[in-house]
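Quick heads-up: structures coming right below.
Two complexes, one shared chain (chain A), two partners (chain B, chain C).
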Partner chain A sequence: MWAYFKWEFRQFFTNKKNIAVYVILLFLALYFAFKVAPIYEPIEKVDVAEMEARFTTRDDFIKSVGNKTNVHPAVGYALAIFPQWNELDKARIEAIANKDYLKYVEATAEWYKYSDAIIVNSGQLFYNPLYYTYGNDFGHADGHYGYGYTGSRFTGYAEGNPEFSLELFEERTALQTLQRLLNNYLPIVLFISCIFLSVDIVLKDRRNPSLLKGFPIADWKRLCMKGLIAFIGSVMSFIPLCVGFVIIGLQNGFGDFSLPVPIYSYIEKTFTNMSMGTFILKNALFISVWILFFIAIILLLSLIVKAEFINLFVSLIVIAAEWLYSNRGMGAFTDIQRYPTSYVQVGQIISGYKNYIYESLHLTYQNGLIIVGSCTLIMMVFTLIVSQSKRFKLIA
Partner chain B sequence: MDMLELSHIGVQFGDKQVLKDISITFQPGEIIGFVAPNGTGKSTLMNVIMNYLSPNKGKVILNNKLKYSNKANEVKIHQAVSMMPDQSDLYNHISGKNHLKIYQAMWNSNPKLIEDTIVKLGMASYVKKKTGTYSLGMRQRLCFAMQIVSDTQVMLMDEVMNGLDPTHVELISQILLQKKAEGKTIIIASHLLENLEQYADRIFFMKNGDLKLVDELAPEFTDKKVTTVRVSNFSQELFEVFKKQFPGLHVQTLPSGITLIDVSEQDTATLGDITQYLIAQQLTDFSFGKLTLNDLYSMEYQQR
Partner chain C sequence: MRNILKTLFIIEKTDRKNIFACLIVALCIIGMVVFANATELGNPIKEKSSESLPVKVALNKFQIVDASEYGDGSDIYKNIVKQYYTYPKQRMALKTEQPALFIETAIVLTELRKQAFEMDDYELIAGNLPSKIENEMDSSYYKYLKEHNLDLSFGSLSFYPFLAFLFSVVGSFWFILICIYSSNIMIDDFRHISLIKGYPIAFSQYVLAKCMTSIGIVFIFIIELIVCSLPLIYFNGLGQASYPVAVFNGEVTIYPIYKYIAISIVYMICLAVFAILLSVILNVILKNVYLTIFVQIIFVVIPILFPGLIKLIPFNPFNYVNFPSVLNGDSLNLAAPVTLNSYAGLIYLCISIVLLMAIIKWFLSTGKLQKI
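This part shows the complex of A and B:
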């Protein structure tokens, strides 16, 4: 069996298509590190000019109407909330000017909590205008999430006291970039890589049938070896991506594994912080289960349908399916938590973002692992049963 | 030593009966030759033996007990029975030596066989190069070498001599004889009839889905004495005259153009008369001997 493993391993890593996948990933990592990451503009950035503008506008307002009586209720409300708001803005501005970053993170954490509390249900006040983009009907909800997230993040900084930097505050360090990408399209890039790496892992043997068919090794053992190699190969797609990680780290710092990652709780409607290390480990585990899921699909289809196009089509449909049915808030009236396809964006599941946008209590990390893991297990068992049948030949 | 038995094997593709109720046993230390034109079922039979193709009826039995009744048994049978790979199935980006290594490792045979086989087949100069650079003959030798290093008890070889020059045909023939001496069962499908005739213990013609033992088709085939006069360029007129001159002799002209005169029951005087007659008719291209496999092949398969 070890000999077969070595043979398949060699085939996998000398396969031109697979080498092309790794090269493309390396190119994407370099492109991201040199072109995309440097121009990243977070909505919640350290913008002293904006803070000063806000502070000055409110201060002028307080000075101009602060002594007047019999004012409009809206003016009265503004006079009630502006002083504390400005106090926090002033503290942030001064802290930045003095490079007192601990004070800055404390004031910023308070600023976001205070701002969110007064904006969320006001109907007259708004979050950062960048949340209200054209065509986004949920700008206010996104702002609420963004402020809660940022407030929790800065609270975590204040409590954890990491090495402060502007890059850290704007989530530009390598680990924070990784976290951001895990919440975004990185899992999908990894899954697509896995699919392209594994799509022909069984069916490629049809090109050399007489050489391989007579090997004295059971079909199920061959499938296990192929699955294991596809898994190793898929996990190794991290290596070219690591090049980008190192480049970003050298440019903006690496961050550290104790950095806080805000996790949204749908029940409590608040954020709690998880350490970066835990967040990445949870993502790695969930992504690994998903990779096994795709490999299981490909092995099963290769055995039954024997067409690489079908392997590719079905696997990509699994990735894309969520976009076919997803609708913001739908979790309240549908059972999307039962579909494995609802868990493809693993970072968003772990961070609780999916709970927030789908308004679903059940789209959780644990449920995701159970559902995707169960589907994987069922497919693997079915594949092994089929492979034992005399009717099915691994190499036709 | 393992014995391989085919019991009532029948294979049908649509309306065409390719193999009809074939029953035969292959013994250890035996070289078997299958001879037939293309498309008559040689490869089908080998595929059935390897279970690459499930027969419509019948069984392949190894050592009186193992059958292809489940996949576990298939693995056990494949540990003892192997088929030479096709040269077009080699991995072009991998060296010949690595091909040999995987066959040695998969069958867990003696690693020393790799170097021994490389030396015996004169492959040392190119075996470390990628097979994509090999000529047809080099690829064929590698395929043969791969099966030799697998060192299974039963070896199936389909057109093993394809693309080989006479030197290598002879080289491989010697190795086959050596493997036979080691007690291996070797089953060969070949078109190189004269070569096959040299080393095969039993030769079968395949026709209409049946296996016909050559010895049964022509009992004199294995005789050591002179049984046949083979004459080239025997014209129809001379043929008729000859038959009148020697009415007791069985004479036939093969589709290949060779005329065979059966002299198995004749005395030396008659042989002398025939010789004199042929020389008198200026038919100097003749020989005394026995029926060859080529003659039998021509009788069985060729049409005028």
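This part shows the complex of A and C:
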């Protein structure tokens, strides 16, 4: 058993294709760290000029019409909401000028809550213009999410009191970048590399059957070993990505594991904070379950269909399926929570973003683990049953 | 030569992969037809209704001042205000189905945007407006419609416009598809060398025959694209084959739809030949399906990751593999803007095909490989 493990292990890591996958991941990590990360422009950045422009405009307005009576209702409304807004803006500007970051954090958290409360149902006031890009029909909804997210984040900073820096406020530190990527395409990159790493793990043996017939080991034990090695190999694809992580950390600081990560709750329609450590652990667990899922699919298909092409096609379809049916707000009238493919974007499930865009209550972390995990178990049991049958031998 | 072609044809005909690929292509196209029909793709009433929101937001970036002709607002502010007040007219034209009025307002809008590009502080609102080249293409499209008194259709896409849309969508990842499809073209031969050795034929001729059968299947794909979209004739009618499409080709020009489709097909065939030849060479060098796919994808991705390279090496055929974006003038929106000409792209592709053939003929057929 141990000898077979070593033999498979060596084959896995000397396979030209697998080395190429690791090299490509390394290249992507370096490209991201050097080219993409430095030009990241968050919408909610610390922009004193923007705050000052807003402040002076409103200040002028209040000064010019503030002491008039008999004004238009819209003007009256503006006069009612602007003074407090301006106070918060003023506090932010002054705090940044004095480098009093704690005060800035508190004022900013207040500012986002206040702005969101006023803008969300208003037809005349808007979120940051960058949300309303040309061709985006959901700018207002995105803005609502963005403001709530940032507000909750800054509340978390005020409570947790981490080491403040502008990089921290703009989510540029290494851990925060990791968190942003987990909410974005990082899970998909990991899954695709897992698929490419394990796609030929069973079928490669069919090329040299006489060599492998000599091993005195049962088929299902072999499959277990292969699955284990594919899992280890897929988890190892983190290593080349870590290079990028370290580079970003050296440039912008690493951040720490107690930083708040805002989580959207669909029931209460508000954000609560989770610590960075918990968020990353949860993601790691979910991603591991998904990796097992893909390995189980590939093992099963390799036994039944015996074509690498099909392995690749089916597993990529599982990843891409969500794009085929996804539509904003569809969770309200369809049962998307029942398809495992709805849970591919792991980070977005955990942070509740999927609940927000699909308007669905049920797309939760627990449901995802149960659904994906049970699918994996079913496929594994199936694989074991099939491997007992004489018809589906590993080596022809 | 005829015999080997016949043999290969019989092999390919029964290959599971080919049957599967043809089925998938057919299913995807039919899926797109259903999708286009269900979402009323191309229906301007649905697609133009939310266009005014970004302009409204752009307006919010300015202090509200007098926007009349001699008012003290800045030029760009006045321009945005004018744009903002043109939209209601356009919406009304759509709702009451008055094509002439719609085209007129569309031209006014493109003119206003064109003026805005020249003004100070344009960067402030650049994200909320279409890019310069998009605007220019819209402008010449609507002007052409007006000059030739063509009617704008208010329904969803009919057959010919859908074909143009389909080719522009499929075209953008066509090269990758063919790369993946042809990535194992020579691998099986390496596994059963003794079989191949029996053919009484030279290596280069064998490769030629293999490529020809693969290209035959590519032709089947292209025919499938057209045949599977025929159901749209039943749903939305045939449409006009001479309806204009705005295309960037060094400068903005107007092509009739049939010309656009013809160019797309020529491009697709060239790209397919290029991909197949490249696969042959990489197969022989690397002897691994996945490495072949990775190398091809790296070639495609490098100009996208490093846009500066496009300007540096304009004759790189991989700049042109996404030909719909070349025809859209997307290369002008890059950080380092560069004009890519679609005809030049075709010429570069043909030259590279000839080069690849020469490599196969003179390098690959010598030495060890002669034996297979």
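Heads up, the rule we're going with is that the second predicted complex is superposed on the first by the 395 of 396 C-alpha atoms of A that agree within 3 Å, B and C clash if a C-alpha of one lies under 4 Å from a C-alpha of the other, contacts with A are read in each partner's own complex, and residues count from 1 in each chain.
One rule holds for everything that comes next: a residue touches a chain if its C-beta (ideal position, glycine included) is under 8 Å from a C-beta of that chain, and two chains touch if they have at least 3 such contacts.
All values derive from a computational prediction rather than experimental measurement.
Enquirer: Once the two structures are overlaid on chain A, check if chain B and chain C clash or fit side by side.
Expert: When both complexes are placed onto chain A, chain B and chain C end up side by side without any clash.
Enquirer: Is A:Val48 contacted by the first partner chain B, the second partner chain C, both or neither?
Expert: In the superposed model, A:Val48 contacts neither chain B nor chain C.
Enquirer: In the overlay, answer first, second, both or neither for which of chain B and chain C A:Leu166 touches.
Expert: Once the two structures are laid over each other on A, A:Leu166 reaches no partner at all.
Enquirer: So, does A:Lys213 touch the first partner chain B, the second partner chain C, both, or neither?
Expert: Only chain B is touched by A:Lys213; chain C is not.
Enquirer: With the two complexes superposed on chain A, say which partner A:Ile239 touches: chain B (first), chain C (second), both, or neither.
Expert: The answer is neither, since A:Ile239 touches no partner chain.
Enquirer: Considering only the touch criterion stated at the top, classify A:Val381 as touching first (chain B), second (chain C), both, or neither.
Expert: neither
Enquirer: Answer with first, second, both or neither: which of chain B and chain C does A:Ile317 touch in the superposed model?
Expert: The answer is neither, since A:Ile317 touches no partner chain.
Enquirer: Determine how wide the angle is at the CA centre of chain A between the CA centres of chain C and chain B, giving a multiple of 10 degrees.
Expert: 80
Enquirer: Could you tell me how near the closest CA atoms of chain B and chain C get once both structures are overlaid on the shared chain, in Å?
Expert: Distance of closest C-alpha approach: 10 Å.
Enquirer: Both chain B and chain C touch chain A; at which residues?
Expert: Dual-contact residues (chain A): 207.
Enquirer: Within the complex, which stretch of chain B touches chain A?
Expert: 50, 52, 54, 68, 70-72, 75-76, 78-79, 81-86, 89-91, 93-94, 98-99, 102, 105-107, 146
Enquirer: Where on chain C does chain A make contact in their complex?
Expert: Those residues of chain C that touch chain A are 16-17, 20, 50, 53-54, 56-58, 60-61, 63, 127-130, 191, 286, 288-291, 294, 298, 305.
Enquirer: Using the touch rule from the top, collect the residues of chain A that touch chain C in their complex.
Expert: Result: residues 16-17, 20-21, 24, 31, 35, 57, 126, 129-130, 132-137, 139, 196, 199-200, 207, 307-309 of chain A touch chain C.
Enquirer: Taking the touch rule as given, give the residues of chain A at its contact with chain B in the complex, in rising order.
Expert: 3-4, 6-7, 10-11, 14, 207-220, 387-388, 390, 393
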